[in-house]
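By written order: A, B and C. Residues from 1 in each chain.
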Amino acid sequence: MTTRLLRTTAAAVLLAAGAGAASAESVTISVWAGGSGPNDNYRVDAIEMAADILEREAAIRGEELDITVEKKLDNTWDDFKQAVTLAAEAGNAPNILVTGHEDIAPWAQSGLIVPVEDYLNLDAWPINDIYENLMEISSFGGIQYGLPQDAESRPFFFWKEHMRAIGYTDEELDALPESVESGEYTLANVLEDAKKMVDQGVVEAGYGFYPRQSNGPDFWQFYTSFGGIMEEDGKLVLDKAAMQDFYQFFVDAVEAGVTRKNHIGTPGDQWYAEVASGKAGIWHGGTWHYARYVNQEGLEDFFGTLVFSLIPAGEGGRPNTLTHPLVYVVTDQADDDLELIAAELVKIASEPRINTLHAIKSAHLGIAHQQSNIDLYANDRWAREATERLLPHANAMPNNADFGTYWNAMWSGLEAAWTGQKTPEQAVNDVEAELKNSLGEAIIIR
Amino acid sequence: MNASRNIAEPARAPVGAWAAPARVRLGWLNSSKGLGILLLMPALVLVVLFFLMPVVLTGVFAFTNMSTATGITGGAYQISPGALRVLTDRHGMGDLAERLGQPTYVVDDRGLAALEEMGIDPGIIAGLRRQYSGETYSSRREFERDIRNLPVRPDTRTVKRISEVFSRSLGNARFRSSTALIAAADAIDPDLTEEEKEALTATTYTGWTWTNDNFRRLATSRDTTRVFFNTLFFVAMTLTLFNVGYAMLLAITTHYIPERPAGIFRIIWFLPRISPVVIYVLLWKWLAWDTGFISAVLSNFGVRPRNWMLDTAANAWFFVILINGFVGASMGMVIFASAIKAIPESLFHAASVDGAYRWQQIRHIILPQLKWPILFVTCYQTLSLLTSIDQTLLATDGGPGGATEIWSLWVYHTALNNYAGNLQYGLGAAMALVLVVIGIVLSLIYLRLFNYNALVAKPRIEL
Amino acid sequence: MIGHLRTWPIVLALSILSAPLVLMYAYLFIDTVTNSPPRSFIPNEFTLEHWSFLWETRPGRPSIWRVTLNSLLFATSTSALVIVVSSMAGYVLSRLNVPGRAYFLAGVMVLHAFPAITLIVAIFLVLQVVGLYNTLIGVILVKAAIDMPLGIWLMKGFYDTVPWEIEMAGIQDGASRFTVWRKLVLPQVKPGIFALGLFAFLLGWGEFILPQVLAPSGNAQVLSVYLAGLIADDNNFDMNLFKSVGLFYMMPVLILFFFFQNRLMNIYGGGSKG
């Protein structure tokens, strides 16, 4: 029989036995979140809140359930994924993980995680209120493996004062998001304006366009801006022309003196401090930057200082943004009872009211329709505007077991072109060779 | 529990009395061979566990496609959409994929009978039979919705169990063994050919498989060349400039100054070696960071603050070599210094103490004496540098732009630590194997070079 | 002294070359108890605020004392294990007539050159099979195994210097070879054992990558992993805090080095990774 059936049956039997005897059950559920800073505590705190509710529900049913939640926030992604993968291989993975949705594919294949749909009624509250596209992003091969934990998107930021200094009027600045959206203001204009800022001494050389300083999903947006697509019918796609244009854009930025050649590897804290204090003219970030700028970096008048928009279109592409939802996933455990409890906790943590705490504190976007009916969410200008302006145009990275390989290759190509070790053409050819070599027929190259 | 312990204890000989009977009982310990084997045992266990087995395993891994997605300890058989696509594309078995993979739920008597056996509430079964008998669903969610609409509404767990029983496809099912997979496939389609079964087993397997791809990839990847030359550059520069060159400079110069300052300098240059690596590299970061010492000092001269360590590839190399070299220099320093100390005073006294002669002393007296120590340090440190990782990992992590990525770091990044979480154990093992082979070959050469046989003088007590 | 003329240019040159190191280590002390205005390195106030990590556990991190205890356990156990294993095996290689002895000694030399870090995936698997992944005991065993070849080599060297006459005399008195080793030879190499123990302790105390990969969890975390985690967290960049933790971490090293510098220098001269 399928293991899924075995698992469900065993869980049911276990729970039935537990309920029948009305015995006290004491369990420990551990939850780890990757890539999380001090504003992201509700990623794990929500599970603790859910545990409290689940315990009360059990008590009302006459069962005694005692859940201890062990929480861990990990600041990095590489160390987090290493620790999680090795712990899972060793058979003691934490019960619940908060991770990027793109991990679902490889982790589902290796059996590290189990589908939440084996434990939850997807038609019941609060799951039936979650945005359909986010549910899809947290599924793989038609199976609902996880539930979205948050949503976000990645905008361009413009420092108003610097834009005014190179001749923009307030009206033009107000209209900037629309002209980006309509495809009028493009990445070519970004370079142009950045160059003006540097040439006129508004910002220092290398600070006209000040991109993310480390690897991240953000860079796929530029590939999309130049017309690239990541996946088609379940197969990865490398669009060489779009990839080269995207590399070329960064090389042009370096050559124009608006971006530093040695930008990659700038310490993260330095980068945040600089963009939040007006050292840079134009840059790109994520919705959560709002929380960082305002809570940690002391930027007081966010809306008076910055304009934000989609990522402008490049040649042959369209303006876009990328949403990279984190998801709650439940890991495979020897004791199926734990999987069931973990799935229940994840479900309760997805309550709009609980999720809103995370969304607003960390300046991410909500996951469910009803969050706009919660005052905390509705009254937050950032959540409202960012949702309206960005989310309709959001792409996501594909859930594909080979995507990690593609991603690493894309990044090493970008690094090589950016730092001048290869021309964009060479870099793309090397990426192609590398991908052909490692993925073979699993990737379409055009 | 307690009682048995009380009984057991008197039976054990008191500690003091142990020595006497031991000699009789463990007589073989009195022989060189017996005792030798006994004393070697713990070392052998550690060697087998943490050297031999890992090497063998690495050799095995190197010929697999093991990764995060395949897992290390084996796989299962899952009829995933990806597997079905491969079945269609590569094996031309589109029909089979369609038949097995399309989710189908059929409410039939077989299923209802199974439910009765499982002890499901008869009310639910009756409801299913009455309302949905003969129905076919192509989506689990829709079927489960209908189950929930029954007059006797089952709870979520029961709904899952019921829908599972009526599933008549293998779409996304996961099996622990290939026999289970084939049995299930046979149940749906009894006419499977052997060829189809084989293709099905191969394409649905989620675990790792044997492959030569890792070595082919290594041989053809352009990164290999780049990292190889990075490693060569790193080892050659650190070795010549610091581990030997600078170490010699320190040993010779401290030889020519009074003992007290000489001792102080040796202690200073020893600090990098005894400092825990995390702190040591942190101090360099403090020196070179954009808010660090160099930036602060230079900002007084109008130089814009920057991250000196990661500013350019050249800077990164400069710091990586310095950071590694400062640690490496101390070993040579101590070895060379003691070799110089061993030179008879009379040799020096024979020469004059004039400044010009000092250079002559170095050339004609000291350097010839240092020949073997230099060779030793070179050999030893080549191996150390080839496998060193901590300092470079913490300082530049191979950056900027992969400029300082050296082989050992590359292995670590490939197999264990990268942003996408794509841990390629198989490829990493193949890379590691290259280092293992280089290490073994070099050390065998060195053993010959240093006349190994002289080191193993025969024991003089043959007992 | 040989060449007593004009030593000051050499001292001067060495002082200049050593300046960066001296500077780095001097500021390791200075920055932990002072604050300096931005872009300056002349402290303008004395403070103990950077040491608050000692009494306030930082959110999301284990207590410093727990971590210190782990480090202490890790380093002492590794050291003890290396001593025991090496003093046994070293004796065999120096004195006893065991089949394959020559090969074992050659093997030890080869092992010493082994790229342990590159085998780490396989080592992980071994630990996992024996159920010791993410435990202190697991990393202790691995670290001891990695330090062991050097330990054996050094101990063999120490045994080689013990005169044969001692053993001959013991054997003639009718003692077993085990007793001879235990009662007569071991006391002769006590200084060597002490130096090796010290050395292995320091190696264990400073080790980073093994615990980072093989025992990352809060329960088994050691100081190096704790400090590296603090530094890697780009939400709380605080060089003075890093240095304070660093100095706290380095204190035992400095104390041991202060008292036993000569022995340590000798043993490092005998060879180690670097």
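The rule is simple: a contact is a pair of C-beta atoms (placed from the backbone, for glycine too) under 8 Å apart; a residue touches a chain by one contact, two chains touch by 3 or more.
Bear in mind that the values here come from a model prediction, so they are computed numbers and not experimental data.
Chemist: Among the chain pairs here, which one is joined by the most contacts?
Modeler: Looking across every pairing, the one with the most contacts is B-C.
Chemist: Which chain's mean C-alpha position is nearest the mean C-alpha position of the whole protein set?
Modeler: B
Chemist: Using CA atom averages as chain centres, what separation in Å is found between chain B and chain C?
Modeler: 21
Chemist: Report, in whole Å, the distance between the mean C-alpha point of chain A and the mean C-alpha point of chain B.
Modeler: Computed from C-alpha means, the inter-chain centre distance equals 28 Å.
Chemist: Compute the distance, rounded to whole Å, between the mean C-alpha positions of chain A and chain C.
Modeler: 41
Chemist: Two or more other chains in contact with one residue: find those residues in chain C.
Modeler: Counting only residues that touch two or more other chains, chain C contributes 125, 213.
Chemist: What positions in chain A touch 2 or more of the other chains?
Modeler: Answer for chain A, listing residues that touch two or more other chains: 79, 82, 86, 89, 267, 270.
Chemist: Can you list the chain B residues in contact with two or more other chains?
Modeler: 72, 289, 291, 416
Chemist: Under the touch definition given earlier, write down the residues of chain A that touch chain B in their complex.
Modeler: Going through chain A, the ones touching chain B are 1-5, 8-9, 11-12, 15, 77-82, 84-86, 89, 99, 102-103, 105-107, 109-112, 117-124, 141-143, 204, 214-216, 234-235, 261-262, 264-267, 270, 340, 401, 403-405, 407-408, 411-412, 415-416, 418-419, 421, 430, 433-434, 437-438, 441.
Chemist: Can you list the residues on chain A that touch chain C in the complex?
Modeler: 37-38, 72-73, 75-76, 79, 82-83, 86-87, 89-92, 267-270, 272, 296
Chemist: For the complex, which residues does chain C have touching chain A?
Modeler: Per the touch definition, chain C meets chain A at residues 59-60, 124-125, 127-128, 133-134, 212-213, 216-218, 229, 232-237.
Chemist: Quick check on the complex: what are the chain B residues that touch chain A?
Modeler: Chain B residues touching chain A: 67-73, 75-76, 78, 80-82, 85, 89-90, 103, 140-141, 144-145, 148, 156-161, 164-165, 171-176, 180, 184, 206, 213, 216-217, 220-223, 289-291, 304, 306-307, 310-313, 396, 399-403, 416-424.
Chemist: Within the complex, which stretch of chain B touches chain C?
Modeler: Those in contact with chain C are residues 23, 26, 29-33, 35-37, 39-40, 42-43, 46-47, 49-51, 53-58, 61, 72, 243, 250, 253-259, 261, 265-279, 282-287, 289, 291, 293, 296-297, 299, 305, 326-328, 330-331, 334-335, 338, 345, 348-349, 353-355, 358, 361, 380-381, 383-384, 386-390, 393-394, 408, 411-412, 415-416, 425, 428-429, 431-432, 435-436, 439-440, 442-444, 446-447, 452-453, 455-456, 458-463.
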